[in-house]
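Which chain is which? They are A, B, C and D, in the order written, and residues in each are numbered from 1.
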Amino acid sequence: MFNFKNDYNYIGHENILKALLIYQNEPNEVYGLDQHSNNAKKLIKQQLKNENVDIHFIVGGTLVNKTVISHILRPYEAVICADTGHINVHETGAIESTGHKVLTVQNNSGKVMIDDVKKCIKIHTDEHMVLPKILYISQSTETGSVYSKEELKDLYEFCHMNNLYLFVDGARLGVALATDLFTLEDLAKYSDVFYIGGAKNGALLGEAVVIVNDELKDNFRFSIKQSGGMYSKGFVAGIQFEELFIDDLYLTLGRNANDCTKYLYDQLVKRGFGMQQEFITNQIFPIVSNHIYEKMKELVLFELWEDLGEKKVIRLVCGFKTKIEEIDLFIKELDLILN
Amino acid sequence: MFNFKNDYNYIGHENILKALLIYQNEPNEVYGLDQHSNNAKKLIKQQLKNENVDIHFIVGGTLVNKTVISHILRPYEAVICADTGHINVHETGAIESTGHKVLTVQNNSGKVMIDDVKKCIKIHTDEHMVLPKILYISQSTETGSVYSKEELKDLYEFCHMNNLYLFVDGARLGVALATDLFTLEDLAKYSDVFYIGGAKNGALLGEAVVIVNDELKDNFRFSIKQSGGMYSKGFVAGIQFEELFIDDLYLTLGRNANDCTKYLYDQLVKRGFGMQQEFITNQIFPIVSNHIYEKMKELVLFELWEDLGEKKVIRLVCGFKTKIEEIDLFIKELDLILN
Amino acid sequence: MFNFKNDYNYIGHENILKALLIYQNEPNEVYGLDQHSNNAKKLIKQQLKNENVDIHFIVGGTLVNKTVISHILRPYEAVICADTGHINVHETGAIESTGHKVLTVQNNSGKVMIDDVKKCIKIHTDEHMVLPKILYISQSTETGSVYSKEELKDLYEFCHMNNLYLFVDGARLGVALATDLFTLEDLAKYSDVFYIGGAKNGALLGEAVVIVNDELKDNFRFSIKQSGGMYSKGFVAGIQFEELFIDDLYLTLGRNANDCTKYLYDQLVKRGFGMQQEFITNQIFPIVSNHIYEKMKELVLFELWEDLGEKKVIRLVCGFKTKIEEIDLFIKELDLILN
Amino acid sequence: MFNFKNDYNYIGHENILKALLIYQNEPNEVYGLDQHSNNAKKLIKQQLKNENVDIHFIVGGTLVNKTVISHILRPYEAVICADTGHINVHETGAIESTGHKVLTVQNNSGKVMIDDVKKCIKIHTDEHMVLPKILYISQSTETGSVYSKEELKDLYEFCHMNNLYLFVDGARLGVALATDLFTLEDLAKYSDVFYIGGAKNGALLGEAVVIVNDELKDNFRFSIKQSGGMYSKGFVAGIQFEELFIDDLYLTLGRNANDCTKYLYDQLVKRGFGMQQEFITNQIFPIVSNHIYEKMKELVLFELWEDLGEKKVIRLVCGFKTKIEEIDLFIKELDLILN
């Protein structure tokens, strides 16, 4: 059975597993105050070309989102995101569980448009309504699209003129970076806080939260601890981010995911598959007849994205471990189905 | 530098690290619905001699405590624990952050006494006060003591006659089990929900929450997801608990920690060290003069437990990786200091 | 200056004020356990033709909504309402502040349609999303429309087949009842919990929460106290509801508000004013040119409802104290403007 | 039946009831933006001799406490109070329901001692524990004691040197002021925020929150609205505080409560009653035999304060409406019991 269901179904990259073996006899400081974590932070800062950021490792994207957003907001303040935003749909009300309303604007291919945010702000006029204070975006977005450097810059400047913080969810930052539409350096310039997702790009676990804006730095470790995100063996996360940021492994893995996905995309298009949207990163959305859908289910694991009645949109995803050969094999078997 | 500072400063047991390597090319179901997790649950249930429990893997003790307690309680209900309880002192108000009061009773060598709980319940008479609904204990406790089977049974029966659920925090369950004062089977009989801590007993991460009481089982995965505790690569936790529950590794590691600690304890007593309390599990509390204290700081990492003015109580901890040889070496160097 | 801005700008009905004077020398039980509250509950139950309900007096609609919803929901559960619902827009995230997501469906003239609720339930498929558990509607709605007895029955039955509780916000229940489209008896049959709003229908303060469904009754006074809604001088609310439910005063005041509004509506239509929607209860929405708008602002207090660019929709409201003579005077002066 | 059970069992002072009648035909701005509220604020500021404070009217002490404390604190911050503090014991976990831990220090006759607060701060050393940020005291305290001007000053200065805000709960501020141990002016100098309780000193409802510290003023109306404390008919509270602050009525009512209580206290002492503590304000705590206790229960309503086994401590309270004649009558009948 082939598996294009998601990008977090393998344990982790071999370099990381090897490193864990290497360091197994070394006692460490706990709670993220260890040398591996410090070193990983140093490596990340080099890539950001910014020494003046605070970096913290937390396990799990939902936990990062909860911790960052509840750390920033006053009780009556709210976060704006796309209607497709992960915090809006797929976190079981985790943000609301910290007391905050999630305001939504309609997504445009997964992205947030400035004009829509403007309207959202405008209708929140007084104390009978929540006060929008954070704009949350994902890079790449839920549907695989990516904000360019220009778009990031525009959003960031808009935010700062409108008393909003810009928070970038980087659960899939690796594949976003691999598009070369922006760099980590850009991100550190054009956001207040963001995170570098590990678990979807080669790590067993762990996300690196980067706080750029000085106003948001104080006491963040209190917020991590309270949210339940302070990993006792923080060095295990540290070791992984060390590996990911040595020799550009993080970027390399993102590129692999994208390259494989592009190859798969092209093969499918060549065979006449319609696509719900253009290829951008490691998620693609072929439109298949119900007949083909049923046959494919026996061949490969994937996610049903949308049921259009006579047709279905499915999602195929490649990851850090996908190989071109695997796709070739898949296509070969797919051809048997199609003919 | 020797290191008796805590029991979670090593990555994890070699069997676990090896298993991670072995399975690295295997794609898995995500969010804990994988075969490794299922298998680990089966192994645990065998030890509990109880098939009718729900088991969930969550990363981090604070997160387990938050998730379990907020899953159970209605907004106006509260949890009772010892004043030394981890949820009371060392989780940055994590329980309160979910909206619930933590009521305390005075600890008796780290344990909770039934009479004190009785008093606590009795003064909560009406709707102007919170309604106590959970009794939270730790096994072993914050100071290393252990409830015997009889004590567990008494507490459990008391709880059920008083409309309380009994929740047992097992962050250090391994060393508690190694005392043979109770078994996992007993725990599954005499509690409503408990957890088996991995991170302090050989795992990189992960705790296994065991829900015994049917009333508490519904929709627990919603609570895990909302709290931020749903680990995307749940199989990484599953693999570890498979290893821990093959050939009694979990118990073996707990025994090692206790045996080493006992050995260390005896060596110190032999050398005239006073102890704040008797040896029970893997934490001991020698009382040292300020002079010795300063000298020891150059020799070994440990925690300052209490400053008595002219003397100090320190905490020494052995873990799954500690070896008798290491202690012998330490004692040798300690003797040089003492003489 | 005329004042059609809202229906809560007068202290309260004279019967109520007189009653307060009469009882000023009488000491009472506190926290709502007094004879006046008991008597008021009895009077209300008679009108509901249902003895088996719990009634509680709380001060303020937002507080009622917070208390009821947070009392019912488990942390991961959510409430569905119209996008125009008061809890969604005009309570500064009060529901979210208790930890719960507010899910919205598009309103249809202020009302919620069963098909939209169906869709909302359908897309919430698993533990990665919140679990819808309450349907919240307002009677009358934010725009003055009213659910008929049949509509209430359908919604209620739909809710119960779909594991939802139906909660009816009756901040403006007086004018809704005055339409004769349903009765209090119907409401007690076709809802799980609702409230009878006092402050917008003659009382100084106070809303009567009626819990119909036995499952929701336990420990509600704990929830009231915790939310801050337990009015120490509960008898002050009790006295007011006694007055409101003697000789049908509550209904009479609702009728007065509607009759005056209808009269005003007809006068305006006669003079060629367009209306955004038909008259139903005590809120009407004339469409006026910007020119007339500016002139009217000098004559009368009202609320700007929607800016259509060249025209504006305004809201005019009559209340328990409005008199036909007042409207005649207003129309006379309006005619001067119009000509 | 005599009634010395509490100080909020009468509707309100006649001046207030009369004023409500007088203004019944006057339409008002809503949500506290009306002329009566503005005027009441002006009158209060004159007594504070401080124009630079923000004043807001909220209904209910618990709601004030929730609103103020959750407005100030970051999620990981905590409030310190006496173990007898109202927020600790008698608000059903209302503060915790907003996510914050309530830390306690032992009370000294109901008061908080600086040394105890010092210790509490000292043990909160890092991010594994909550961060104390508010010191909450009551004036008068739960047991009727009062902080003198000097004590207030010392507490305030201590707080500011230790990065704490001082919040003074003035549910019973009237009787506290009547001791002449401090003035409203002092309170506005030596606190960051406090409230002037109306409901226990002549008002039907309403407490005036006075924010002194500029850092705490921003967006407080958002917090009021979210907490459910924004009274739609704010002018009803405004009218009452106008009356209370005309001709020193507020102070006069406090004096009446104290004078009557003192008279009652003296009469009881004269008859050989022991007292748990000296008279200070309007709560006294006679110690009675079980025999007398039972007899008194047939004569007068009061609260059982503490059961000492063979004896009982009861609480007697006088209020704004108590008259010396009433006490004389009571004592007369009491003498019959005693003899």
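By definition in this document, contacts are C-beta pairs under 8 Å (C-beta built on N, C-alpha and C of every residue); 3 or more make two chains touch, one makes a residue touch a chain.
Since the structure is predicted, the reported quantities are computational estimates derived from the model, not experimental observations.
Trainee: Using mean Cα positions as chain centres, tell me which chain lies farthest from subunit A.
Mentor: Farthest from subunit A by mean C-alpha position: D.
Trainee: Check C-D against A-C and say which one is joined by more contacting C-beta pairs.
Mentor: Greater number of contacting C-beta pairs: C-D.
Trainee: Based only on mean CA positions, could you tell me how far subunit C sits from subunit D in angstrom?
Mentor: 33
Trainee: What is the distance in Å between the mean C-alpha positions of subunit A and subunit C?
Mentor: Taking the mean C-alpha position of each chain, the two centres sit 43 Å apart.
Trainee: On subunit C, where are the residues touching two or more other chains?
Mentor: Residues 75-76, 91-93, 97-99, 127-128, 130, 222, 225-226, 230.
Trainee: Which positions of subunit C touch subunit D when the two form their complex?
Mentor: Subunit C reaches subunit D through residues 3, 5-6, 8-12, 14, 17, 20-21, 23-30, 59-63, 66-67, 91-94, 97-98, 199-200, 204-205, 222, 225-233, 235-236, 239, 301, 321.
Trainee: Please name which positions on subunit A make contact with subunit C in the complex.
Mentor: On the subunit A side, the touching residues are 75-76, 78, 89-93, 96-102, 127-130.
Trainee: For a test of understanding, state which residues of subunit C touch subunit B in their complex under the given definition.
Mentor: 70-71, 74-76, 98-99, 127-128, 130-131, 219, 221-226, 230
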